[in-house]
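Labels run A, B, C and D following the written order; every chain starts at residue 1.
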Amino acid sequence: MEGPDAKGLIYHVTKVLYKNECNVIRQDEYVSPSGQFFMRTEFESADELNPEKVLQDLRTRVPDERIRFRTNAKKKKDVVILCTKEHHCISDLLTRFHFNELDANILAVVSNYDVLEPFVSKFGIPFHTVSHEGLTREEHEEAVFKAIEPYQPEYLVLAKYMRILTPNFVEKYPNKIVNIHHSFLPAFIGANPYRQAYDRGVKIIGATAHFVNNDLDDGPIIAQDVKRVSHRFTAKDMSREGKDVEKTVLTKALKLVFNDRVFIYGNRTIIL
Amino acid sequence: MEGPDAKGLIYHVTKVLYKNECNVIRQDEYVSPSGQFFMRTEFESADELNPEKVLQDLRTRVPDERIRFRTNAKKKKDVVILCTKEHHCISDLLTRFHFNELDANILAVVSNYDVLEPFVSKFGIPFHTVSHEGLTREEHEEAVFKAIEPYQPEYLVLAKYMRILTPNFVEKYPNKIVNIHHSFLPAFIGANPYRQAYDRGVKIIGATAHFVNNDLDDGPIIAQDVKRVSHRFTAKDMSREGKDVEKTVLTKALKLVFNDRVFIYGNRTIIL
Amino acid sequence: MEGPDAKGLIYHVTKVLYKNECNVIRQDEYVSPSGQFFMRTEFESADELNPEKVLQDLRTRVPDERIRFRTNAKKKKDVVILCTKEHHCISDLLTRFHFNELDANILAVVSNYDVLEPFVSKFGIPFHTVSHEGLTREEHEEAVFKAIEPYQPEYLVLAKYMRILTPNFVEKYPNKIVNIHHSFLPAFIGANPYRQAYDRGVKIIGATAHFVNNDLDDGPIIAQDVKRVSHRFTAKDMSREGKDVEKTVLTKALKLVFNDRVFIYGNRTIIL
Amino acid sequence: MEGPDAKGLIYHVTKVLYKNECNVIRQDEYVSPSGQFFMRTEFESADELNPEKVLQDLRTRVPDERIRFRTNAKKKKDVVILCTKEHHCISDLLTRFHFNELDANILAVVSNYDVLEPFVSKFGIPFHTVSHEGLTREEHEEAVFKAIEPYQPEYLVLAKYMRILTPNFVEKYPNKIVNIHHSFLPAFIGANPYRQAYDRGVKIIGATAHFVNNDLDDGPIIAQDVKRVSHRFTAKDMSREGKDVEKTVLTKALKLVFNDRVFIYGNRTIIL
């Protein structure tokens, strides 16, 4: 739950759970310097839980809060992956999904090229090629949207999808699109960040997973990681090493998102 | 607080605080797989707080728990530092203390050599040399104890104190002695760990800050960190680089301890 | 090349290359504290190189050295992978091989279980199940050897092969077997290292890739990496996180080995 | 040495050393993608070395190269430190200097405030306060220059000197000024980077040590390091943690510079 801080919020929530015979397994709170209160509470119930009643009780005690309430029934998130030609992120996700280690169901893969179709098909997942050639950006997005929509995904994962999305498209999936950016944001925004990193002679490169809002490179950051490089690394070497970081960071961010551990607050994330 | 897990513990504690007009600033809980419950609650009160009453109320609600209760009145911990000849850890602590950035008052330094006396004296801190020469281990410890005791420290910090303490001494400061070990424990226990690391050809070295119990290298770990090395590092190079890690790790661990964020549970620490 | 240090070694080698119209692209040397000299020289030749002559010239100038000489002709190493049931290391290697990003040809996979056969088969690589059931260790190893031998591999990769190899087997592939150990060696040798790490309450876990000699956990270390954990990690969590480190470390070590950058010196590696 | 790549450079240099009875201890080369050749050779001589002759011989063989030649005679570099009010970088340098662990002599400290004078004086080092109040930037720099010049330093270290230097001043110390920047460059250029980092919600912060050329934040990068942060870090927390990174990075960079291991090539550094 999330909302303006007030006295007794934890008390009120834990009282409701206590009265409903629920046992708190894990609870984390955070109050921002600006006075916004965030809390994530995992609880279990030995008896048959009546989620409707718990939620109703909660609303009585913390009426003006934004409460997100989930029963365990549906655990894995449904996702559609968008990609272009690079395989390093999607192959890691597909492998984890194949071995049942991803907290999500990959329903389909949509790409503007067919390059990865043979690989994706090995995993028995539908692959939709929606070429952008000869189409305006809007027309292409409309076609992509039509490919995605039948799957009714809870999240879109941009696993190296190299096209910029319009605000119009992004608004259809508010706070539901996760992108992996090939740079330690906010450094090196834009195209060819590894060439920029080489030219600048940096000693560390990185990658950033973030939600997509209107500006492709500028949504709330979920996870970042870095890797040391040296003068011996060419721009191509940096790109190759950077891919390993991108893969790791995207997987880590998705794990947090799929486990409902990420709150968005302005342009920042709170991870509880 | 700490004790066996039970339903409603968070509820009971937050109720007491709510009824006493206290506002929770930060609260963290952890339940171990074995069912031990840990909770750390920071709260503030606009009005004059009656800590006696709050504590009494808490004891009524969670009667069988171990409650540690601190009012803000006395914030900085009183510590005595023990060292031998190496300066890298103590110089960092003294500098932070000098600039009022340490959450502790360094009351005195006790050493079995006088090597560091000139340096420590620059900071206006009493330095006691208690030589071990010609003394049995027990006699020396007795003398060290006599040098420490007048200061009534809350914590002893072993900032590269190179002598093994007997169980008899350790028992006088239960869970109150913090040591920095020059190795990534449990690897390379014993003397000359950097020589051992060199001989084994490791690619990463580390350091470990831990509480001291009966076995010098084996108390609950508070913090660890590591650093990459290569075949080019001699044992001496590893030692020099290792010192930077030791310094960082000890400072980090002490910050956690001095802020009452560390719970000891068996041979492990819970950091909330 | 490798051998006792002597004056002029670099001079003699570079003279031979210069006289043979070769241009040094990259050269790295290392002299150990004990006086052993290691040098790795990459060079190219615009004209048709006569490698026989270069090698003969080199032998004249540095007669008592161990010279390893490779022409570029055959670049990718031939390898056979051994595994048991866990997929995280082998899936990363197979994916990189599939996309032509591994400096090796994976000729076959041999396992004592058939669990990974369906996955490996997706990549069109022969999979040999050699069950150990009902066999003595020696009999099983003999069967494994028979499965491997037709492929004449240059390296064996133990990608989570959970059986201990006898000295007899190891001697057949001297300095040619790379293992990934699920621990930051030398800590937590033996079975179930993540359980040991949990019990000890460590704040950092790691993995180690090393050559296998007679003692499974004790060959020359090629690469290591670590990851922070906290008291919240159960032994199972540590194991899951550890797998990501294992995967990364094995891939990194193999890249160094397959590019002929690793020298073995006693129980240590020199990486040039 | 440094210059355009050519066949036989290593051969020519090592020949000169061999003929002069010198033994190479360590040699590292690097050829940039653009064809610039860099080599750093450490050598020793059992007999009395005639450095003039060696240098003359070297010039004969590699006439058009830029050769930097140093005899061991004078090892420690002479430096003057500039600072403002923050102590974390300068205290680390002073402590290492005091214990003879810095490869430099700190000749004096110059500051635009007298805040750090008492601390610096403990170490017996001259402290010059050159206030900028009531002066133009040019006048102040002229006064700073006059304070520095009598010491004839080989390097200037900006240990949190918070004033921008004019090109006119920088040109007096070409490639001789090392700065520590409180950010992971190129991110968050300008004032208050930790506030920027907080506002952007980054998960990693960093620091950068670099040579100063005309643009304060834009000279060749020598070293960088990073540290993980979370949503719990306020801008002030980030600043405090960032200081530890700044200290570490500056010390590391200076060690490389003072050991003549850093080559500058355009806007990049080559570290051999």
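Quick note on the criterion: a contact is a pair of C-beta atoms (placed from the backbone, for glycine too) under 8 Å apart; a residue touches a chain by one contact, two chains touch by 3 or more.
Just so we're clear, the structure is a prediction, and the values are computed from it rather than from any experiment.
Note on connectivity: the fewest steps through touching chains from subunit A to subunit D is 1. Among the pairs B-C and A-B, the greater number of C-beta contacts is found at B-C. Subunit A and subunit B have centres, each the mean of its CA atoms, that are 38 Å apart.
Rounded to a whole number, the gap between the C-alpha centres of subunit B and subunit C is 41 angstrom. Multi-chain contact residues of subunit D (touching two or more other chains) are listed as 30. Listed in rising order, the residues of subunit C touching subunit A in the complex are 87, 91-92, 95, 98-99, 101, 119, 122-123, 240, 244, 248. On the side of subunit B, the complex with subunit C involves touching residues 30, 32-33, 184-188, 199-204, 206, 220-226, 230-232, 234, 267-271. Taken in their complex, subunit A has these residues touching subunit B: 7-8, 10-11, 14-15, 17-18, 21, 23-29, 31.
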